Amino acid sequence: MNLKTDEFYSKADELIAAGRFIDSKGWVPATSGNFSARLSDGNIAITVSGRHKGQLQCDDIMLIDADGLSLDGKKPSAETLLHTALYRRYPDVQSILHPHSLNATLASRLFKTEVVLENYELLKALSGIDTHECRIVIPIFANDQNIPRLATAVDDYLDNYGAIHAYIIAGHGLYTWGNSVTDTLRHLEALDFLFDCEIRLYGVKQP
Amino acid sequence: MNLKTDEFYSKADELIAAGRFIDSKGWVPATSGNFSARLSDGNIAITVSGRHKGQLQCDDIMLIDADGLSLDGKKPSAETLLHTALYRRYPDVQSILHPHSLNATLASRLFKTEVVLENYELLKALSGIDTHECRIVIPIFANDQNIPRLATAVDDYLDNYGAIHAYIIAGHGLYTWGNSVTDTLRHLEALDFLFDCEIRLYGVKQP
Amino acid sequence: MNLKTDEFYSKADELIAAGRFIDSKGWVPATSGNFSARLSDGNIAITVSGRHKGQLQCDDIMLIDADGLSLDGKKPSAETLLHTALYRRYPDVQSILHPHSLNATLASRLFKTEVVLENYELLKALSGIDTHECRIVIPIFANDQNIPRLATAVDDYLDNYGAIHAYIIAGHGLYTWGNSVTDTLRHLEALDFLFDCEIRLYGVKQP
Amino acid sequence: MNLKTDEFYSKADELIAAGRFIDSKGWVPATSGNFSARLSDGNIAITVSGRHKGQLQCDDIMLIDADGLSLDGKKPSAETLLHTALYRRYPDVQSILHPHSLNATLASRLFKTEVVLENYELLKALSGIDTHECRIVIPIFANDQNIPRLATAVDDYLDNYGAIHAYIIAGHGLYTWGNSVTDTLRHLEALDFLFDCEIRLYGVKQP
């Protein structure tokens, strides 16, 4: 039985195009990063482990269920549980993108526990934000090769602090999500720009 | 009745091409920025709100009148009044480009009230400048979600200080204009380069 | 009589391709820069004034004689005399490229009178250099809208200090040359890289 | 007799594609860098001296034996001995890439003797590394135009310190290797990213 529907192939195409865009920005060096999109039946299209995200083929996108179990015999990313936990928490979220950008990595080294973004017009690119006069916090979690433990740390934070737009794993990369692949790309592009601003202003003596 | 003339479609094509160029430089992250061109009858071709400026289609360019009213039922950018105010003030201006570049954003954070550009050969890319031995001031206005109020702040400045080539909205982006889309792109490319110079020299101890 | 030979069109094609390459690096923002190549009869193919160097068409390359006089009625760059002076001095030089790169501009602001390059393997990309153990000096001249006076300042330096590979005009850009367009592009690519190194190391406290 | 097998042409194609990728990152300015891949008979496909590595043609890849002797009359890179020494030491290594990136050059100026990489998720892109909790050392050797002497310095280090993933030659560039061209490109992309991180964090006062 072929579980892969037209919807699967359509989402796979969106993730492949997203990969080319993200790689063109230099945000998925080597074979880093992973991307996913939720299907209407609750299963998830997600990138296979170990592929270059700028050169994805249809074969590099696999199908998992809502618990992260492979439905097609392929091996998903080690970080699949971080995806499934977000989909479980947020019913409206339809896509999750996790690149390893230089700016997310540097931000985690410089700001340690959170990146605070204020007074940028581009914050309006984040869902639900309609003015630059706001204070957006992107938490930074310690990196951990134990993914269930890392997923729990994220869950605990979200239980306590409510909805956020993204989080950083220290020395590792960014997780961001949205109601479509396009929405999530918009979040990604805006956040990387804003991290770049904060990093370049870091330590600069301002008048 | 179709208000869209050959001239409209020609200007739309110029704005679409300008968008691809501007996006290739990274100056319109997410769906930021807006662009316009004036038609010979005084109406204005302008980008529709919320589209990615590097991926514009003909359908993403709409028609407004000189007061910013939609003539085709589409929704123009929230910042349309900033465009119409400039067209009203400057009869020779035929195009306005508003990107959100990193350099304009950082310049506003570092220089607060104005960016002063002196002794750069590239200043000659600005209309009416024929020597590097000049002093060009690009004012920085506080960001404001109240666009009529922001437009008034700009108008007051222009009433007092006369003609300028561009202005920055703090934490937001650059507005620049010219006698054609090509002229305006030349202004944009030159100003972003010069902001980059000033930012990178900021705080560097010079011998 | 058509003065434009097959050799002219061949050189024009080389300059057009060089322009696309140079623009892809961001070294000719707005309509800055100018390029030339010498023909076997001593005349010179050179870019017309005021065109974007990344979008050159055949029509944007014109023909001048060894003294800089237009042979086809077009208007050459205001800086043509800097080209003809170099061709007169160096019989082997067949091409001159003058971009306005950020690194050349910043280097002139930081290093004032000369950029000194030492201990870089990439110095071997410069004609006649076969070891990193050398000291290459790139002089910086004050910018001047009076081109004959600027040409004289360059000539005086060359009379006193002998052969160099390039010079910078402060706040303006780089002039470099070579025995072919390809050689000159190699000089350009190497020098911009080395300026980038020196700028980024400037003011960094080294252990 | 034509020594060039289908395997040679296949490896040559891989090196040409690697060159285009590496050049798109700006890591082989001018005609710098050299690349090789080992064939199953122990001979080596390697770039010819003096070509631009972003514009390689099949003709720019030559055949040498395991001692670095030309098998086709072409002239290999002056640094061929550095390649053959690595192939001799590591039987599993099938490709060596040597670019001249800005980051490798700056890292050698700032860190002098070695670059230490710790706590980066991207370290997992290096063969045999499966956690960010490790300490990877990339040694820096003094540049030397005497390649046999430089090869001996590298060999002495490897005799004493065992297997490494890459080394830097000061003011010159990076050597990295892997079990295929693709593996080696992954090493290269990861290392350049990590050097970039370390350089940008260098001297920044961290909280």
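Letters A, B, C and D mark the chains in the order given here, with residues in each chain numbered from 1 onward.
What we mean here is this: a residue touches a chain if its C-beta (ideal position, glycine included) is under 8 Å from a C-beta of that chain, and two chains touch if they have at least 3 such contacts.
Everything numeric here is computed off the predicted structure, so don't read it as measured data.
At the interface between chain B and chain C, two copies of one sequence, fewer than half of the residue numbers in use are shared by both copies. Chain centres here are Cα means. That of chain A falls 32 Å from that of chain B. Put simply, the C-alpha centre of chain B and that of chain D have 45 angstrom between them. Contact with two or more other chains is made by no residue of chain A. In terms of inter-chain touching, the protein chains here make up one closed cycle, each touching precisely two others. On the chain D side of its complex with chain A, the touching residues are 119-122, 125, 130-133, 186-187, 189-190, 192-193, 196-197, 200-201, 204-207. Looking at the complex, you find that chain D touches chain C at residues 29-32, 52, 100, 102, 105-106, 109-110, 112, 143, 145, 169-173, 199, 202-203.
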